[in-house]
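Next up: the structures, one after another.
Two complexes are shown next, each including subunit A; its partner changes from subunit B in the first to subunit C in the second.
Here is the complex of A and B:
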């Protein structure tokens, strides 16, 4: 319990000089540098050290020194080849139509080279591809396949984007038979999705936004823009090393990752799932957190999660956490087995909270083998020991009040899905989603047969994707949809107060659908405080 | 301060046709361009537009084993619709997205409304443009094969002649639901009268074995439509109607010219073949007969003879149909016999389409004879969302029985649409009111579906 895990550095400090500088900004190693390497740093490392201190706190004016450090570094440490590509921006725009012409002139060579990779049936057969590249065309990320082998494809994407940009326009999407492509240009990066799933353009855009947020969360926006202002063709992969798994997990939250889970519905509705708890239990949990944290300065958020579900959230007055930020946090916890046995101290940027600065997160599980994970996020980079103490106290309190047991019990309950549905008393009910309009929270009934089978789940997912798109999209929103198909009857209903999506057995009559929906709504209203959190307390 | 200045509607930015295998050598790129509208555009722009379209198709092909599937490209300001009509021949329609010009803090800016353009509706416009060309001039390949020496030049001339006119006749925004659904108005006749028409056609065909197919129209409605494939039928129907309107508005047809002859390329089971279409007219009836183009027997005299044989019969049929229709009007007090309702307060509209015969039964636009009633953009797009486009524009549509489905939607701006799909029929019921509840709507739709199920049984579809 007392073991402290300083996140290991993700790259060795003896790589090239230019890497050292940027590595220091990486996801997790900031304080490691300070704690363990302070005596062995090189000149360059010292340079980085100062900037590090500044990024940790905030942004803006403090960044000026970093720019100058950066400049001197580029001047002194870059190889000729690297330096020569650092052209002023105007030059890039002028020449940006060239790659397209080149891609077309070399039509045949493009065909053959691209095909080397696209001949691979597994690659081609993927349900979803996501590519991230810099505006200069440098590969950064590909969900499937090695980016280096896809260099030509990245080149074509870059050429298409910049060609359209040259006519003062922006490419947003392409539809081909059976495939939907979505483009997004943000923070000097190009994001592309190619999908054979049922996700709509808007839903794919949300995924690209998630990927963008994850990158910001690792590097911060100011850092990112600084890098590309300095060097248009910087290879960002060096800085993102280690965070690919986070991006992968975010992007594979739907059935394209062969997962059967309600997580995708939380994503699609941009909301978070709540661990069902009696409201008295939840109150004593947040009370325990409040009591032990209210005196700690600079503590912004205290978040207790269990199994991807929110147990409790306590916020600093006047601040609130955006669902997109919360999703990043949930994703981080889901992906990081290494958090389990120890206390952790990790910097994290929450793009919607402050895209230019890091928060520092004390992350730990309440007890060994407990599914409950507590995050204490502070702007103070030296708060580790204070937060560690608070965590101890919180755990003690929760243990005494048997709240940990209650959480364990609630987590166990979630795996006994059919019981929850049965307790509502609607036999033809198969699955439902309920989202109050006043909160970014969603109630998803547990997944039961037939949807425990991947093929059937894919059908369920595509049904919900479609209903959600029709109900939520700004294009031509609908209030109510009732769809009768051979496999199921589905209803989507958007009222002033909530959105409801329900799937019934295929032979359910419309007259019983209305009765069932009434019954379901009554049940949810009765149980509301168990499944939702009305207000998040403040410190 | 936002302040509405003006709205700019959708417009055609460009329309071009190219062959991706032409002009591969450097300096010869212009050979790719077969047609480009508008004309007064620099050649370099034309070439680079085509290059971009081609780059998009290459890009999307990377992800699939079935190349040529690139359909729509959206940018903030444009929608580009692509259609590979024949191998390596692409048609591209580029639209300017509708926008609103706004002023904020003294700065003008445009707000784009891409959602007003429904991809399916505009892609249908593009595909229909090609199908119309193909029907009148044959496929691009045929034109090239017929002219081994100067095929490209001939093709370019033909494209220019056809599309200059066609594009100027296009009406934007495209908002004709009947055109999008390619539906035809059939004339509802009673059994006896229908069988008389049918028998007349059959006996005519058995007397003149040269007649390959036929289309019998009364005013602008179809009475019988022969064996045309549904993908061909709509284009043909539109052509005949347009021809009749221009003929009627033009100089009075003299008594001798009772028929007009057209060479048309018809898509049959055995591929696309040239036919000679002859239209015989008698008062409100137009009978189109189709002969093989190559048939030597078909002389002017031969056609005259058929015309003489037909004329009395056609006249009598036309008169009897007219009598029948006026009787219908007197008994029901309505001009369209298919109307139902009366016992409903909702002013329910309906639109039923048979995917195979394209037969449409509707009371949309019932009140004005021109059928010009416009649905609002929103309801049109919602219906287009719900409409299932039959697969395979050129292929035989697959014959497996589609599963029975029903979808009921309520919009945020006061209308309900119920769509039932199955048995090769797509049926829509529309109510312009949010008053009815889900159950009311279910009952109302059920009432209309049942009423028409009975009627559908009485009148043979084909």
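Here is the complex of A and C:
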């Protein structure tokens, strides 16, 4: 093994030292030769993105080792014979990347000199890391660990991104040693995911986008760009303080956060979940909101949520809310215990609605101990008292019509579990996802055994990630997948009207799958108005 | 006002090759010195936590390649720096003369908002050597002419003035940060007009 010029900082315990240079005489490290690096070029004229694979030829000969990727990074201006990146000889300088590979390696044991992660013993064991930094390379956020202690890592990431940028290109992903690295540069910020989960590049990009949206939601895009235009060295943590919990919660919705929840499937399909309610009940809820809000100027959305699920949504005419925005709102409510006891007035930017300005949200729970939270979003920052009155009136109305009880009951039902699957009457059915194509809403059956166990749930999640990736693949989408795996039989089916993903127990025969799916679809069609909202009323 | 907020400073070290940039950094961060010369290719990163006026500050130090042929990251290094350390070798008049172009290069590449008052620090390194060629007076004159850049004579080998120099660097960079207004102004109210939401850009077919 070759020696790397990565001097251990022995004398000082609070300092770390990393090097992306190397001794030119060193030999290559053969264990790093499994990297591909693909980059995306954005064509500014038509807005299309074309992905060009820098290195991946079918025969694999152009797969550059990680080392070479980094070598190009540090050596573009070397003289010709030194910069022969494509030739195997270039491996003489390959050890340049050892620190990088090591620093980013979530898996392997790392020499003592790499004390990037020594500040937190749990850091290395994580399945997924997300980093956010400024274009200057200053740390803003790390999902795990203390971002200050990772300052070197952030520097290296910035160098990688800038190197590719210098050649008018954009780095999108690197795969090395079983770790998928995904990069996204947006709004003067650099977002990076490093993952050993089963999320695909596209799915990790969605998570990075979520993190980006959350930051915009806190600061607005206009403020963010203004700050960095004025001061490239700005330490954005000063403005994001207190909102880290929102980003954490968004990014930990998959099993890497050790959570067993259907939330991850709402995220993966970019949709939201609906609280099951009889359609007559839902209609009277919407009516109550509409009656008491229709005269209020500047009110754009009224949203009633319970247990991360949408109960009712009333919108201003000609406006609609994007599921990504709604997920930010759900996330905000989920992470903010402090909303419970009181009426709240909070600015929130919904990036898909208007990334440059704030909506002002009146947030309150309908009653003490009620799971239902009402948000009234206005563009008018002085609307608090008007909206507060409206909320009182809505609550009164919902009480009188027993809608609050109905909501409570529905929430109880969903937490009890098993009911829904039993009522369908397909014993071998274990779990399913159903998403109509006409709406960004998803029905996920409750999670029952064996998936109540984290390991089994991880397998389920991985299965869905894989099916979704293949069904939604932009280059070669599939219409139907039926697979018998060792632990389950899985079906994915994309029709003109819906996407359906079903998991059966492993002994289910193909012939019965067909019958079961028919039965399931019939059941969903019958119950559609309980589990989905066809149209949202307007003020 | 005792703020306990986290701070991170990006510090860039520039200067001709072999003036001792990497050695200064190593001396400062890990109190070590090696006589062996290894050219830095690309860049080298270090961090060190320091306490300045009761504040814990993480210094993210970017050591750059002095040899032109090893510089490959360009703007990346300079972007968003909080402080720039210019190093020359007191035994090498050329490295002193080149301070001008290093300073210009930095100001062009980094284009800080207020170039006149950007915090630079100049270090005359290798004062332990006995073949000194650049006098203290000459160096001080140059620093004065550039808006009074603080000047230190250092020896990475003996550890002379290194700690003090970096402490000043942190202090001056922090002073700049303190001047920033807090950007807490509210953006204008969103204007509602019915067409706005139906832009073709919103064609990702997913409304709730």
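The rule we apply is simple: the second predicted complex is superposed on the first by the 419 of 539 C-alpha atoms of A that agree within 3 Å, B and C clash if a C-alpha of one lies under 4 Å from a C-alpha of the other, contacts with A are read in each partner's own complex, and residues count from 1 in each chain.
We adopt the following convention: a residue touches a chain if its C-beta (ideal position, glycine included) is under 8 Å from a C-beta of that chain, and two chains touch if they have at least 3 such contacts.
Because the structure is a prediction, the values reported are computed rather than measured.
Chemist: For A:449, is the partner it touches subunit B (first), subunit C (second), both, or none of the two (neither)?
Modeler: neither
Chemist: Mind working out whether A:138 is in touch with subunit B, subunit C, both or neither, as first, second, both or neither?
Modeler: second
Chemist: Should A:412 be classified as contacting the first partner (subunit B), the second (subunit C), both, or neither?
Modeler: neither
Chemist: According to the contact criterion defined above, which of subunit B and subunit C contacts more residues of subunit A?
Modeler: Between subunit B and subunit C, the winner on subunit A residue contacts is C.
Chemist: Touching A:441 in the superposition: subunit B (first), subunit C (second), both, neither?
Modeler: second
Chemist: Kindly classify A:470 by the partners it touches after superposition: subunit B alone (first), subunit C alone (second), both, or neither?
Modeler: After superposition on chain A, A:470 lies in contact with subunit B alone.
Chemist: Quick one: is A:507 in contact with subunit B, with subunit C, with both, or with neither? Answer first, second, both or neither.
Modeler: neither
Chemist: Does subunit B (first) or subunit C (second) touch A:300, or do both, or does neither?
Modeler: second
Chemist: Give one of first, second, both or neither to describe whether A:163 is in contact with subunit B, with subunit C, with both, or with none.
Modeler: A:163 contacts both subunit B and subunit C.
Chemist: Show me the subunit A residues, by the header's touch rule, that subunit B contacts in one structure and subunit C contacts in the other.
Modeler: Overlap of subunit B and subunit C footprints on subunit A: residues 156, 159, 163.
Chemist: Which of the residues in subunit B end up touching subunit A in this complex?
Modeler: Against subunit A, subunit B makes touches at 24, 26, 51-52, 54-56, 58-60, 62-66, 69-78, 114-115, 119, 378, 381-382, 385, 403-412, 434, 437-439, 442.
Chemist: Under the stated contact criterion, what part of subunit C meets subunit A in this complex?
Modeler: Contacts found on subunit C: 5-8, 10, 26, 29-32, 38-49, 58, 60, 62, 65, 68-77, 79-82, 110, 112-113, 177, 180, 182-183, 186-192, 194, 196-198, 202, 206-208.
Chemist: For the complex, give me every residue of subunit A touching subunit C.
Modeler: Going by the criterion above, the answer is residues 5, 7, 9-12, 14-24, 73-79, 96, 134-139, 148-149, 151-152, 154-156, 158-159, 161-163, 165-166, 220, 222-223, 226-227, 230-235, 237-239, 241, 270-272, 298, 300, 310, 313, 316-323, 326, 347, 352-354, 356-359, 379-381, 439-441, 536.
Chemist: So in the complex, the part of subunit A that touches subunit B is made up of which residues?
Modeler: So the residues of subunit A touching subunit B come out as 100-101, 103-105, 107, 110-111, 114-115, 118, 124, 129, 153, 156-157, 159-160, 163-164, 168-179, 181, 194, 470, 474-486, 510-511, 513-514.
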